[in-house]
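Please read through the structure below; I'll follow up with questions.
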Amino acid sequence: MRAEAREALPISIQGVTKTYGTVHALDNVSLEVRSGEFLTLLGPSGSGKTTLLMVTAGFTRPDCGSLKFGDREVIRTPPHLRDLGMTFQSYALFPHMSVAGNVGYPLRLRKVPKAEIALRVDQALEKVRLSGFGDRRIDQLSGGQKQRVALARSIVFEPSILLMDEPLSALDKKLRDQMQIELRHLHESLGMTTVYVTHDQREALTMSDRIAVVNRGRIMQLATPRDLYERPANRFVADFIGDSTFLKVIRSGNEVAYGGMELKSSAPLPDAAALLLMIRPERIQLSPGGPRDGANNFPAIATEVVYQGDSYLLQARLDDGTEIVMRGGVRGASLSALPAVGDRVTLTLAPEDTVLIDGGEA
Amino acid sequence: MLRWLKNPATETQISHGQRLWLYLLSGIIMVLLLAPTLIVIPMSFSDSQYLEFPPREWSLRWYEHYLGSGDWMRATATSLKAGILTMLVATPVGVLAAYGLHASRIAFVRTAFLLLITPMMVPLVLVAIGVFYVYAQLDILYTLTGLVLAHTILALPLVLIVTGSALKSYDMSQEDAARSLGAPRWKAFLTVTLPQIRFAVITSALLSFLTSFDEVVVAMFISGGDNPTLTRNMFNALRDQIDPTIASISTIMIGVTTVLMVLAQVFGQQKKAPK
Amino acid sequence: MAASLRANEAGLRLDERMERLKLFGLSSPALLLVLIILVLPVGWLFYVSFLGADGGFSLENYQRMIDSRAYYRIFITTFQVSLLTTALCILIGYPLAYLLSQVPPSIANICMIAVLLPFWTSLLVRTYAWLVLLQKQGLVNDWAIALGLWDEPLKLVHNMTGTLIGMVHIMLPFLILPVYGSMKAINQDYMKAASNLGASPTRAFWTVFFPLTTPGLFAGSLMVFILCLGFYVTPAVLGGGRVILVSMKIVSNIELFVSWGAASALGVVLLVVTLGILWIASGFLRLDRIAGGGH
């Protein structure tokens, strides 16, 4: 009979460094992934996120560091003995085997009896909603189907850890959105510790328990999606997640000011000398009635108004020349209330939406 | 026909008519390329000593002479043995080397590769006389082993190039996937990579066989005594006089070559065609 | 927070080294074979070429080559034959390659047989075929006389003519294939753009197409030339002893005179010239990329 599904394992990455010549692909990276959590490594190309995943998988050997799955030190263990599931960006399906052949491959390696293999392959295919696809050839599958077969193959042997390298990047938008939800559900039902790599911040925000933002071989911030979005630790994270305008503010003691105007913020100030005001387009509002009490007001001139179907984009220039972008909802009446290019407008930012971040070079 | 001449041959609107000279010239060249190769075939059935074309009298006498001659048959056997053995040695050695160099991360790789294709660069005569001397010293002159070893290094560059290029267009992440699923590198290679480059491997094998089977210069020096190769005997016969038996041997060789070439093309095509 | 600094560094370095060795080791049988059967003998030949008749170091073998008129003629002949063959191959092969690259793939594949079948056919068979065709009572003479091209059977073989004909036939595929390759790689859009910009087909060809084929042309010509330099079988048979190339002198030195010094010196010169040409050419071409090796 089938063995009990194994417990998810935590991953402990400590002090991992990988240099190629003079370039630090990974710079003394440490990260704790909790057991059963869905953690995303998010960053631009070349940030080191894929390198870190490959180190975890065993395909890239770091210069130094420690890697533990639970209590087991695995940094020197070859990839085929690490017992984790992995999906690759190119799916890496074996074209000379059928779907069932692919999915059954890890079980054959583990000398599982034939009858049991067939059973577990069917179950895995069912979990990824590809029941009955066992006999298909790989080249007959669509991108989304290939993705699922790759997934089925990586979970069929019930690993405690699952690694995913930009699995959805080759799919079109609609499919990607759908798959994101499916992957999330799969994770919830299987419960294995999952490390997910992507450069798409929306994807990361949708699927993750926690996100580690990576840049130039270092972790910029490790937090829940909400905290990352609302309280980015530095400019890089703020820039990478969501769109924002940044205004340089002047700090004196515990007060900050912009353009001579004192800013009211409901959150405590970060511990840095140089601060930036981060303005999210959807948080700043248009105030048709002029400046509002208790909020931060920015007088500006509208330079561009763009209707985008479900919203509109307003670009406005502040008195000092800085451009701010604002996004607002469209509802019947408000359409006629949109400013025209050249109008004087007032943009307001409520204190709870006034976010100040560390402006130092991270 | 006249209308076809006016049709554009390319998207830049050059008509077929304007290209007629090219078609004619190319046609002549193709005939000149093929004719000498193929003309031996009908000539080998000529009854006359002088190999006429078209044969006035048809006969199989030259085939009978070939198949009935102990010398020729022994030489043929030697060539076949050498060819098959070369194929069996050069293919695995070459494929492994190609894989090792492909997967390797040492800077020495390029040098090693160039070294391994030097047999193609060095003039064959030089290889021949060098090997001749060394073999004489080692007392393996005129042995099958010596011949196979020499032919193997001549075949290795081909194996490396063919297999190497197949590996380059192969998605190595499949091997990584296999390893992540629990297969050690050698098993991943055998179960995942090798099946997918098998067409290149088969082509390499066929090329190795042909390299050995057709080889003349080296065999001229180091095969002989008890083990002359077919090519050696043929070459000696050619230098002396036009022995018509060679026509029948040639026809058989053309047949063998064509079959092998078709096999290689078939396997090569399959690799590209979607199923 | 208490991660030991640079943990496992030594162990990881060891693992890396072991893996590299193991992978590289896969190519060791091949390397060993080439070292023993190629590098060693050729190295020994180098050594022998510098041995005098007395057994000591001497340049007399090389001196003989410089002094002797016969050797001089042999070198000249070899270069002449190689150059002529290469030139003829280009003149004949380029148009055919061009046609092959321009027709639809289905037709091209069939026509390619005309190039590939000779290529795969044994050297000896092709040489023999020309021997038979070019002899006094051979097909070429018979048909030429019947067509009225000439009256008396011409001596077409056992001389330079026969040698050249044979060698061009053998070498053509070596030129056509690389040239065809580089032609196929040319983006059709370039020609369309040239035409769109006002170039006549001829002009577009010479200013756009032809320059883009130069890498393949260069590679093919180089290969043909180098192969011709060291070629033995076809000139030996079709030249009938009247066309003596370096390769044949080397062989006769061993076979007839057992003169290792002379043979090896000749061989060394041939090798040096071949490698020299390759080295110069590698400045213009990425040879290993053409051969498809490395990364």
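All chains are identified by letter, namely A, B and C, in their written order; residue positions are counted from 1 within each chain.
Note that contacts are C-beta pairs under 8 Å (C-beta built on N, C-alpha and C of every residue); 3 or more make two chains touch, one makes a residue touch a chain.
The structure presented is a predicted model; accordingly, all values stated were derived computationally and were not measured.
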Check every other chain and keep only those touching both chain A and chain C; list them.
B
Return the chain pair with more inter-chain C-beta contacts, choosing between B-C and A-B.
B-C
Looking at CA centres, what chain is most distant from chain B?
A
Using the average of all C-alpha atoms in each chain as its centre, how far is it in Å between chain A and chain B?
54
Averaging only over C-alpha atoms, locate the centres of chain B and chain C and give their separation in whole Å.
16
Which residue numbers or ranges of chain C touch two or more of the other chains?
none
Residues of chain B touching chain A in their complex?
171, 173-174, 176-185, 187-188, 191-192, 195-196, 274-275
Applying the document's contact rule, which stretches of chain B touch chain C when the two form their complex?
9-14, 18, 22-23, 25-26, 29-34, 36-40, 43, 50-51, 53, 93-94, 96-97, 99-106, 108-110, 112-119, 121-134, 149-150, 152-153, 156-157, 160-161, 164-165, 168, 210, 213-214, 216-217, 220-221, 231, 234-235, 238-239, 242, 246-247, 250, 253-254, 257-258, 260-261, 265
Residues of chain C touching chain B in the complex
20, 23-27, 29-31, 33-34, 37-42, 44-45, 48, 92-93, 95-96, 98-100, 102, 111, 113-118, 120-133, 135, 137, 139, 169, 172-173, 188, 191-192, 194-195, 201, 204, 226, 229-230, 232-233, 236-237, 247, 250-251, 254, 260, 263-264, 267, 270-271, 274-275, 278, 288, 291-295
Touching chain B in the complex, chain A uses residues 57-59, 78-86, 88-90, 92-96, 105-106, 109-110, 137, 139, 150, 153-154, 157, 163
Enumerate the contact residues on chain C facing chain A in the complex.
3-9, 11-13, 15-16, 19
